[in-house]
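Note that the chains are named A, B, C and D in the order they appear, and that numbering of residues resets to 1 at the start of each chain.
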Amino acid sequence: MGQTGDKILRVAVLGASGYSGIEALRLLALRPEIRLTALTSEHYVGRAVEEVHRHLSGLGLPRFEGLDADQLRGRADAVVSCLPSRVGAPTVARLVNAGVRVLDLSPDFRLRDPEAYRRVYGAEHPAPGLLAEAVYGLTEFQREEIRGARLVAVPGCYPTGALLGLLPLVRRRLIELEGICVDAKSGTSGARRAPELAQLFAEVNENLRPYSVGSHRHGPEIEQELARAAGGAAAVTFVPHLLPATRGILTSIFARPRPSANDEAIREAYRAELGGSPFVRLLAPGQWPELRNVRATNGCELSFFLDRRTGTLAVFTAIDNLGKGAAGQAVQNLNLMFGFDERAGLAQVAPVP
Amino acid sequence: MGQTGDKILRVAVLGASGYSGIEALRLLALRPEIRLTALTSEHYVGRAVEEVHRHLSGLGLPRFEGLDADQLRGRADAVVSCLPSRVGAPTVARLVNAGVRVLDLSPDFRLRDPEAYRRVYGAEHPAPGLLAEAVYGLTEFQREEIRGARLVAVPGCYPTGALLGLLPLVRRRLIELEGICVDAKSGTSGARRAPELAQLFAEVNENLRPYSVGSHRHGPEIEQELARAAGGAAAVTFVPHLLPATRGILTSIFARPRPSANDEAIREAYRAELGGSPFVRLLAPGQWPELRNVRATNGCELSFFLDRRTGTLAVFTAIDNLGKGAAGQAVQNLNLMFGFDERAGLAQVAPVP
Amino acid sequence: MGQTGDKILRVAVLGASGYSGIEALRLLALRPEIRLTALTSEHYVGRAVEEVHRHLSGLGLPRFEGLDADQLRGRADAVVSCLPSRVGAPTVARLVNAGVRVLDLSPDFRLRDPEAYRRVYGAEHPAPGLLAEAVYGLTEFQREEIRGARLVAVPGCYPTGALLGLLPLVRRRLIELEGICVDAKSGTSGARRAPELAQLFAEVNENLRPYSVGSHRHGPEIEQELARAAGGAAAVTFVPHLLPATRGILTSIFARPRPSANDEAIREAYRAELGGSPFVRLLAPGQWPELRNVRATNGCELSFFLDRRTGTLAVFTAIDNLGKGAAGQAVQNLNLMFGFDERAGLAQVAPVP
Amino acid sequence: MGQTGDKILRVAVLGASGYSGIEALRLLALRPEIRLTALTSEHYVGRAVEEVHRHLSGLGLPRFEGLDADQLRGRADAVVSCLPSRVGAPTVARLVNAGVRVLDLSPDFRLRDPEAYRRVYGAEHPAPGLLAEAVYGLTEFQREEIRGARLVAVPGCYPTGALLGLLPLVRRRLIELEGICVDAKSGTSGARRAPELAQLFAEVNENLRPYSVGSHRHGPEIEQELARAAGGAAAVTFVPHLLPATRGILTSIFARPRPSANDEAIREAYRAELGGSPFVRLLAPGQWPELRNVRATNGCELSFFLDRRTGTLAVFTAIDNLGKGAAGQAVQNLNLMFGFDERAGLAQVAPVP
């Protein structure tokens, strides 16, 4: 379906009470060309959205309802699923098969190989039949496929931060595929909105710690996309950290430049590969990304430092994990899928300070 | 001047590089019916806005320029002045006299009595001739006067938080005028964007402290407006605190209810006095304001608790000190002054979390 | 038992893996005159302390064990119980009856009247037989009773902050007993170390909110102690807030001064009633308490402002909720009970910044 | 001078009102074997310490005085200088020449080569005559030299975090000297206690940003020490970040393992090279350093991950930038210099949470 002038797009959001869900509501609720027709939430069935999330008062949103594909079919042209891994897949599959176009923010359809899925997630893939057609929705690199997709797997927050920095270099053959290190620092809203000891304020504040070093599930996702771009295997040492901040991922990437990589070639690679994006800002030399400049937006700041003394190329990206790292990118993709301007609903200026 | 369909309103922002200045830019830059024609900044004359504040990139803003009333005249229909106390008054006076309508966020035109100004600010008022006509721009209570004003004194952030809670009660004679205590907690962006030891992260984080107890300059401003509403003197014990947060003011008000004050009368007072506002949210009993629900918006959350056991009425308000407490309220007033919808440009949903 | 020169005091800590428990370990583990002989933890039975709390490595602590009064008897001269309300009472009762002296940080033995307990906690008191002899351990006001106590009910964190400011005034008849308002702001470590949605970093950071207004269980505790000091009923409007900080409670108290209350009389009251305490610091006029100055210590900062214009006396206190508000005060009391210097183990200087 | 049983060591602290200065006071003030005889502070000459830093009340400290080597000579056996770069060097030189043993926390005596100093700091070295004898005080690797030193250059906070992780590997030839990347995140107290826009709470909170990428002055200091250990040049890509936390540095190090590097060899290297230290905690496999576990202590947490898939060795260290990264290490060195137990005054348990 393309968007015609006077048609209202009906959108359902699944898992709408979690952090990426309410961010999706924030981005969609005020758009005149979109109507939110169904919001599901396991915990809050039957409750008004503003009872649970008062900041969403006065937007005319429907009440939370239970998850039921039959109930959703016919009420939505597009579904944004913010359900956790495996929880949403059966519903997603039924909806796609019923002709509803789905943007899935879970990791269920990001790995293309069911065997990889089994290895990483320790379970059989819940809907392997859809893997072949799911489009990995890192918008800047997949615009055409996204436009026609029935099912878009919205990339993870960490992979988005890493791949925006890495893919242009890999596609242009400017770095070696070995020895890539990704040191990423994420705000806590990257974790689920659910009671968890490690996420308590008293555990996170005035603290910083790496976690899941070498074993985080976003590592294989990063490698898959690099390999696809490179036409060969890529291995990345991926280190996520839990940052004492609510929103944002700052990613440091250390790679080995190939001989062709000089400042101008690198800059040109980013310009050419990303320059078309209204959301990625390539910074001037000597400027470095900051979380706050992309906070509550779909933006990405990016810059690099080619350290000739050491033979290292350092790349830095900043995104909002709930924005470009989740709901923002979902909306950006939805815009493409339904013929809206890619920037529609995403023109916010970051609230700084 | 009223706004006609196809007219673009030309707006200049003075002191545009500080915290309330950049918030005003954030709120105004994306509006098609407004053009930002001049931005002044003492520190950054000649520099592009995005060099200094990267989050404002890509908005087509003019470069920062020096402060010069002659240069501004003829280029702006409205001026939003975010200059500090006394710095802007001469320019404001010249602009008003030249027919430019001004919204002044400084305290210069908030106290109506030049003698009170002298007592509170320790100096002669820099433009006493304008005091008589300046309108105190607490929008909810002054809509008509604001519509026709040449000069609006935008209220201080603390007074806004206190008066939204107090004025309805005072106007309806529901509380005594004596013994009012206001305990307010403000994020650090209420202070100027300027190097100051007490505002360093290492001094503010994991800390909380009252300051200027009994001597803060916003106290007399609160009392002036209460007295005006009451038709008699009002004295308030005002205690501000510096909170380890960037944005927001939470205000606790403790007052002595008069015999007529019961839950329904109080609720009705707020409904009647504030109910017309699209920005003030009176919460259900047992709900209490939170800073985050109004963050980066022009909203205010408000609730109360009538403690019969102790004969105390406790009222709570939450605002964003840069929103309803500064730039948001300025834009709300500007909308009224120029015939826009009061909500124009202020429909943002708070980015939660 | 009094402390003799070469005797080692054997101490058990119940609920030793929670926030007040690990603070008690921090304060006790390095003292040569004390040996920690048993640590209980429901969740971590059998595990080494440093596995769970790495900052407690290398202190030679015993492994966590289950809660079993029979197992504890004979192994400890003193027990510090950090168990939650009602969980520990049966064990505490058995230990006290077996001759072990207990410091209980739960609210179980703070309210003297089993009927009040039923009203506030919604359940029968689990060990009413001990209520008569339990000593309310607000050290500065009960030194003699604490010295001889078998069971000390360590005050709640909010009551400690409020009562240090209020009791001297009430005992000296310097304020009215009606119209007292207590506006308290607490760091999040005042809540249990347990998964809870409202305590997530993403829910607390950049936020501030009152909660349990007029219904918090610490209100009646404050009133009980005021009434005891006043020899008559006292009613307090008590408003707690959740602060975006890990440690500390800042309390604002608003009271109505009696005619005898002038600056000197108030100052003298604090000096006389608290002056003997090595931990309470009465600030000079114009100085106001800050959380950081008492962080990770047993200290309290206190100051006041007598607002003659409004007829209000404002008092401010700052404590560390885990220090003077919990484990620090427990240790202070333990020192008195066993003949140590009151300051033993509590001489830490706050880590500022 | 060695420490004899009943001798009191007289210590002066220069620049005692800044962040590392007050941390030194916190660590030294309570030690019975030490007397603080002089404290200098440019800004607070003549003022009592507790007027400026209330948390240091009641410690019997001398008033702040001006900086005057003649005044200090004869009053101190040891001087801890927390003065900024170049400010203290002339005084340090005069004191050393007068027989006072000095621990200098500035970078003045860390680079051994005056030419390197000129390159890095853009000025002639202020006291080149002392460079030859100054000992680089990274305690774990220089105990013998420190014991006999007249002048100890206490390492920078970033170099301490990097070198504790790197030196054991370099000394044991377990990593290549090329391609080393150091990604470090520091709390804000690593900057001076001075008004600076970039350090305001509103600029740091909810933000994270790299800075001085490839040009930070601690880079050459790290390389100097690596080269000294390796017996050959070492080049490091060093990226510091400003973290929204007050204390702590978490450092990620990415290096290329040599063929001899396996898990056991690496673990053995750390054990052998650092195992003697009471302050460095080598974590079990799968555990990762956290800032909070070393907060307000002289501790260091360290662990590593050998990623065979990618040929990368990742090492992580956590220190408190004011502890092991500044005043704590100064005290550790002072203990060695004067014959105290290396742990004296440094046995604090981190206040967690």
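List of remarks:
The rule is simple: a contact is a pair of C-beta atoms (placed from the backbone, for glycine too) under 8 Å apart; a residue touches a chain by one contact, two chains touch by 3 or more.
Since this is a predicted model, take the numbers as computed values, not measurements.
By count of C-beta pairs in contact, A-D exceeds the other of the chain pairs A-D and A-C. Of all chains, the one whose CA centroid is most distant from that of subunit C is A.
Annotation: 37 Å between the Cα-based centres of subunit C and subunit D.
For the pair subunit A and subunit C, the distance between mean C-alpha positions equals 46 Å. Chain centres here are Cα means. That of subunit A falls 40 Å from that of subunit D.
In subunit C, 19, 187, 189, 193, 202-203, 205-206, 244-247, 290, 292, 295, 353 are the positions where the chain touches two or more neighbouring chains simultaneously.
Across the complex, subunit D is touched by residues 178-181, 183, 185, 187, 202-203, 205-211, 213-214, 235-237, 239, 241, 243-248, 250, 252, 254, 256, 288-292, 295, 305, 307, 309-312, 314, 316, 318, 353 of subunit A.
Those residues of subunit D whose C-beta lies close enough to touch subunit B in the complex are 19, 187-189, 191, 193-197, 199-206, 244-246. Listing the residues of subunit D that touch subunit C in their complex gives 19, 22-23, 25-26, 29-30, 53-59, 189, 193, 205-206, 246-247, 278, 281, 283, 287, 290, 292-296, 301, 347-353.
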